[in-house]
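Common to both upcoming complexes is subunit A, partnered first by subunit B, then by subunit C.
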Partner chain A sequence: MAEAGPPTEAERALRRRLPRRLPRRRSDVYVNMKTDFKAQLSRCQKLLAPGAGGGGGCAELCIHGLGLAINRAINIALQLEATGGGALRLAAHTSTVELADAAEPEGDSDEPQARTRNNSAIHIRVCRAAPH
Partner chain B sequence: MPNAKEKKRAKKMKNQPTSVIFSSDGGPSPHAMWSQNGGEETHQRKRQELRSETSRGYSHQSISHGMPKYLTVSPFVRARAAEIKAMLKAATQKSSNTLVFQSLPRHMRRRAMSHNVKRLPRRLRELARAEAEKPEHQKKELPKSKCRKARRRHINLVAEFNRRQKKNIWLETHIWHAKRFHMVKKWGYCLGDRPTTKCYRACYRAMANHCLLQDLSYYCCLELIGKEEELLTALARMCNVDSGPTFAAVPCLAGRRQGALTVYQRDRYPEGALGPVTFIWKPRNESAVGSASRQLWIWTHPAFKQDILAELKAVCHCSEPMDSCIAKPVVTLPQEESKTDITEKVGQKRKQKDDGEIDVPVKKIIGDGTRDPHQSYRWISQTSGIMISDLTMEILRYRLIGPLSHCVLTEALKAASVHSNLETTYPEMNSWWVENCRNPEQVSLHHRQEAFFELLQGLSSSNIPSGTVLGLTVGDPRVNLPKKRSKAMPNPEKYQDGEKVRQLTLEGVSAECAQSFLWDRNICNSVTENKMPEQHLNSLRSKLLIPGSYLDLGPQESKIPILLVQQPGKIAGEDRPGWGSGWDIYLPKGWGMAFWLPFIYRGARVGGLQEGLKHSLYKRTPHVPSDYPDCPAGIQFARELERNLLEKFKRRPPAKRANYIKHGTLKPFFCPWEKLTLDWEARNEASHKYVDSSVLESEDLAAEGEASCGPSHGMFVPESPRRKEMDASSQNNVQMEGVTDVTELHKGDEVISNCTFCVLRRKKLLRQVSAWCQPAYVKTRKIRHHASALDQQEPTADTLLPVVQRYPRALVWVCLTLLKRGSPELHAMICIPSKDDLFQLSKDKHFFGPQEPKHSDVFKNKVLKQKAMKKRQSIGKGKQNSASGTMNVIPTKQDDLVLGLWPDPLPDVTSHCSRVLLGFVTQGDFSLAFGCGEAVGFVSLTGLLHMLMDQPKEQKGLVLLRNPASLQYRFARLTVEV
Partner chain C sequence: MENFRKVKTSEEESPLPFSDLPSDVVEMKVKEGSKIRNLMGFAMSKMGLEATRQIVFSGCGRAVTKTVTCVEIMKRKLGGLHQVTKVQYKTLLEVWENKDLQPDGHREHLTVHKNVPSICILLSKDPLDPNQMGYQPPDHPEDLWVDETDTLEERSGSFPKGVKRRLASPPHEEEEEQHAKKPPLQVQDHQEDLGTMAGC
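The block that comes next holds the complex of A and B.
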């Protein structure tokens, strides 16, 4: 195997790290691609629903999406707006998130390396429109 | 009433021999009765006896109801005497183990009967008195002098504690743990197994969202000091670059990172694994460049310690113990010391030592649980000058798991203050720190370390490069202990962004900041000795003008050198990167509780061994020592586990046990790795023979080969489950005969491939196997991102052959995720799904797996027969005593036959069930982190490659999982994470 092995991909193992995490309030929703879309939407709806107990009662919501999940974050926000019946207002901000990748060497002779790369992110504020 | 009385009497007489007459009033005891009744009774007696004599045909007269004509007195009397003797004996002995008053009917019992004899009816008093005098019914009385107050007095308490930890060493947090945990005695220590409270989920949440604290002080530290080249050449023989970075890895050698690897017996790399270790090199000293002497700590689990230590000594040629450092028998020492203290000092002084459990273990614990206290703990080599010392229990180690473990650390610990005016020195305390503060270089280093430590606040523990080491000197953590327990949360205001943070996250801590005074033995000892007692601190606190305000000790405050080491969480695999990462903190001994409580006051939750197990399962790392089946300690652990499980199994009534034979489980309590690898090797060879000559060598093997390897030759015939069922049932019988020739076949192999099985740890090959295991859709996704050569190669017979030939008996560590329902258990079986199963799965999304046909228990009759034989024998033995002793005892050959367990020579384990066995699960449970059943285990490499060869692209890596006590197979996805 070693003699006629596959061409070595690299002598390093690439490990992707999660982005830095800010402290999270109850009204922050981080959207991912793994959880079911419906579940994420209903979670947002529950948070926005009136009533202090049982997860509701948030005046405003922050929906964060990173990379591939940006589309989904926008989708959720639009769905919320559509089902809210005009009571909700959206405000979107985009930003860039710095991500770190580490390359751990497999052998002894190399130093571990790391690099940063940027990824786009979106933060959508969903808040109740002031009653007219 | 007389009616009732008679009834009772009739009941009483029911089982009495007819030849004995009881007086109707029932005297105090049979003995007394006998003496009382005297002469008159004998006449009556004789008459009765005569009658009985005739009925038994004792005399040679005609058997009639009439009187015998004559009677020979002497044999008659002898017989009677024997009878009476037996009866008396029976009357004095109690047959059951009940107390006397328990023989009374309910309505005659009185509350105080058990301790007041007078409450009993008079006829029973004698017996009861005799019973009460028996030693087992007497209360264990404590020594008179030890009233509770005396027992709780500090000196006595300490003596008691010392006595109790002679056999199994206590950690410094033992008493804290013992109040809250189920304690187990393992590896020579008393360790907390799991909390007594319900906290399964709470602990999971702690490690996933906040911080879980564990005391790992029982881990053993081995220190190697010597020249760098000498150390590296010696250690290089024990590890191999194939399996990842070794001791010589650049970042580790610089002291910036902690390294982890598996060590092997020297020069035996793929085989002869000894166990996993982590190691830290002391950073090179900038000032003393000339001396190339380096210091290395190797940390290992106590189960592996002896093997590794012995191998290290052999590798470094360290045989001579250093005379000066031979450990004194210190186990008794603390007690003596404290006693002398008492005699010297009185009153106030004695009370000063009252921080009890914390203070005591401080006293030079050298003898730990894993070695004999009389043995030396330091060895030196004359040739290379390498010194190995065993620092077990010298350095404490706590592990904080979770993303917010930083917050706990940064809130609980404050970097030590630098002494500004160096004139007012306190000679005994902190002299090393004062010395250090005089050196401006050291002061600036301290400030840099402090800055790094401050930076950590805003980061999560997975943001730091794995294995980062940070040295630090901190102030006394007891000083800023909060009044109430609170949860440390990150402060958004302290979030720093910028170049420094980026540098820290990318490159980690620089080498000189990894320097710590913890490496210096003398400083550690002085820190341990000069610890301010808890009581002293409290008395100072009580003298504060404003109660509850901050206690400023000034220069008197202790300074403690610590070492922080980042523990990488989940690094392998795709999902949840960095899950379960955290920090290890290394402390000098004696400061255990002083650091433990502040962490808890910052909201860390404490877990025991079970939580550690779950943590390693969720982050999918091999657990120590259960996931090292090729190490001697791992084998021993497995044997112990088997014994425990078997005992537990046997404690149940036979009808309530699972019959594992019927479930088709050969070894429910132990994984027969040896047999599994051997069987797979045999199968492999058989299939090759089949390919080469196309001639069926043996009927059995070919049939099995068809089931698994057939498809590779393109002539798979889908077998109906019905036929398989028949096969399985017939195999049960056939295999019993077939066992012998199969094992003979293996014996031949053993000569060729000289060794036992090994676990595959070669990174490259593992990566290749991992790529092979991935189903097609994952690969296409990956190729889009970063195409790699590994992904494109397909598992074909040509590519697999060299692997199989090179590692005929290798095991691969795999992770399994269940597709649908089900939670795998310990020792669940990993099997290869048949074509049919995969077809059904692709057709029906809700198909959750085939069923194993019920096996027949061929051993049941044998067990029953054996049981009957035993019974007969025991009866026979009873008879033998009276009758002749000629009946020879048949030696029970198979006395280990247990109903429901397969006796020892196992049949072919791979083909015992309807699906071909691939491996076993070593840990498995419902994973809260993943939301479905998850397991880790080992499979045979040969078997795995065979399976991959046959599976369609879309369904690569699908296996079946079956619990030992269940017939239901469930689908799981197999992944190899590198």
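The block that comes next holds the complex of A and C.
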């Protein structure tokens, strides 16, 4: 049996890491594609609902979506706007987020190889319209 | 819907959600299958002209991510661009046809109105009204991600470790789009109007 060389690219397990620097206020909502759409929508609605009790009372929300979840973030924001009866305003911003993947060898022999890539993100501020 | 197949999809024409645009503004309509290379080749050559002051990128449904990616690439390459982002629903009109013939030899048609999320992004070399919703000043790298210094410190212990080597400058990726596990088109039931029958 020949001695096994260093692991090839195919033998590495690709680990995707979470993006760095996540502001985590109560009013930050990170939309993903794993959670049920309705659950994420109702969470936002609860946060925006008036009254401090029961988890509501946020003056404004910031809905973040990364990559594929941009679509869902927009959808949630538009649903909030539509159900809010004209009381909500949306301000969307786009940005680029640097993501770090790590290719870890199957054994613990080699150090993980890191690779950075960029992905697009959206941040939608949902705030109450100024009373006229 | 198993017996039906989609025969036509058409977008409802809607004006751009920006005021005071010149009539000859360059509009890039990003589609699901558009190649970023082709889009950016055209858009960059247009923006290279001194006479072109503004450009609009728009896309709906599964093309939204690609649209944002194009804008981000252009901002990075050119710099100093003012941006306004607008999100809205776009109405798609789909015509579905029954595979089985009806007794009288006609095929049954269904017209479906779908609301899909869409995005319109205006990039301008000239300053724009900073008070309008969705305005982003130029060269403002990551405003919403770094201004929370207090939350940063809280999380500083949990930064990803093991990032040791960096490969060459990363391309702006458009992964996952093709390999989506779930149907990514997110249309709620109550958004769909399936009842519009048009018997032809």
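Operating definition for what follows: the second predicted complex is superposed on the first by the 115 of 132 C-alpha atoms of A that agree within 3 Å, B and C clash if a C-alpha of one lies under 4 Å from a C-alpha of the other, contacts with A are read in each partner's own complex, and residues count from 1 in each chain.
Keep in mind that, in the parts below, a residue touches a chain if its C-beta (ideal position, glycine included) is under 8 Å from a C-beta of that chain, and two chains touch if they have at least 3 such contacts.
None of these values were measured; they are calculated from a predicted model.
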First, second, both or neither for A:102, with subunit B first and subunit C second: both
Which of subunit B and subunit C A:22 touches, first, second, both or neither: both
Subunit B versus subunit C as contact partner of A:72, first or second or both or neither: second
Partner chain(s) touched by A:13 [first = subunit B, second = subunit C, both, neither]: first
Which superposed partner A:123 touches (first subunit B, second subunit C, both, neither): second
First, second, both or neither for A:114, with subunit B first and subunit C second: both
Subunit A residues touched - subunit C or subunit B, whichever exceeds: C
First, second, both or neither for A:92, with subunit B first and subunit C second: second
Contacts of A:43 with subunit B and subunit C, given as first, second, both or neither: neither
Contacts of A:33 with subunit B and subunit C, given as first, second, both or neither: second
Footprint overlap on subunit A, where subunit B in one structure and subunit C in the other make contact: 17-18, 20-23, 98, 100, 102, 111-112, 114-116
Sites on subunit C touched by subunit A in the complex: 61-62, 64-65, 68-69, 71-72, 76, 83, 85-89, 117-119, 121, 133-136, 141-148, 151-152, 154-155, 159-160, 162-167, 170-173, 175-177, 180, 182, 184-186, 188
Interface residues, subunit A side, partner subunit C - complex: 17-18, 20-25, 33, 37, 62, 64, 67-68, 70-72, 74-75, 77-79, 89-98, 100, 102, 111-124
Subunit B-touching residues of subunit A, taken from the complex the two chains share: 1-2, 4-9, 13, 15-18, 20-23, 34, 98, 100, 102, 104-112, 114-116
Touch list for subunit B against partner subunit A, complex: 241, 244-246, 248-251, 257, 403, 458-460, 462-463, 465-466, 489-492, 495, 502, 505-507, 571, 575, 577-578, 763-765, 767-768, 788-790, 793, 802-803, 806, 978
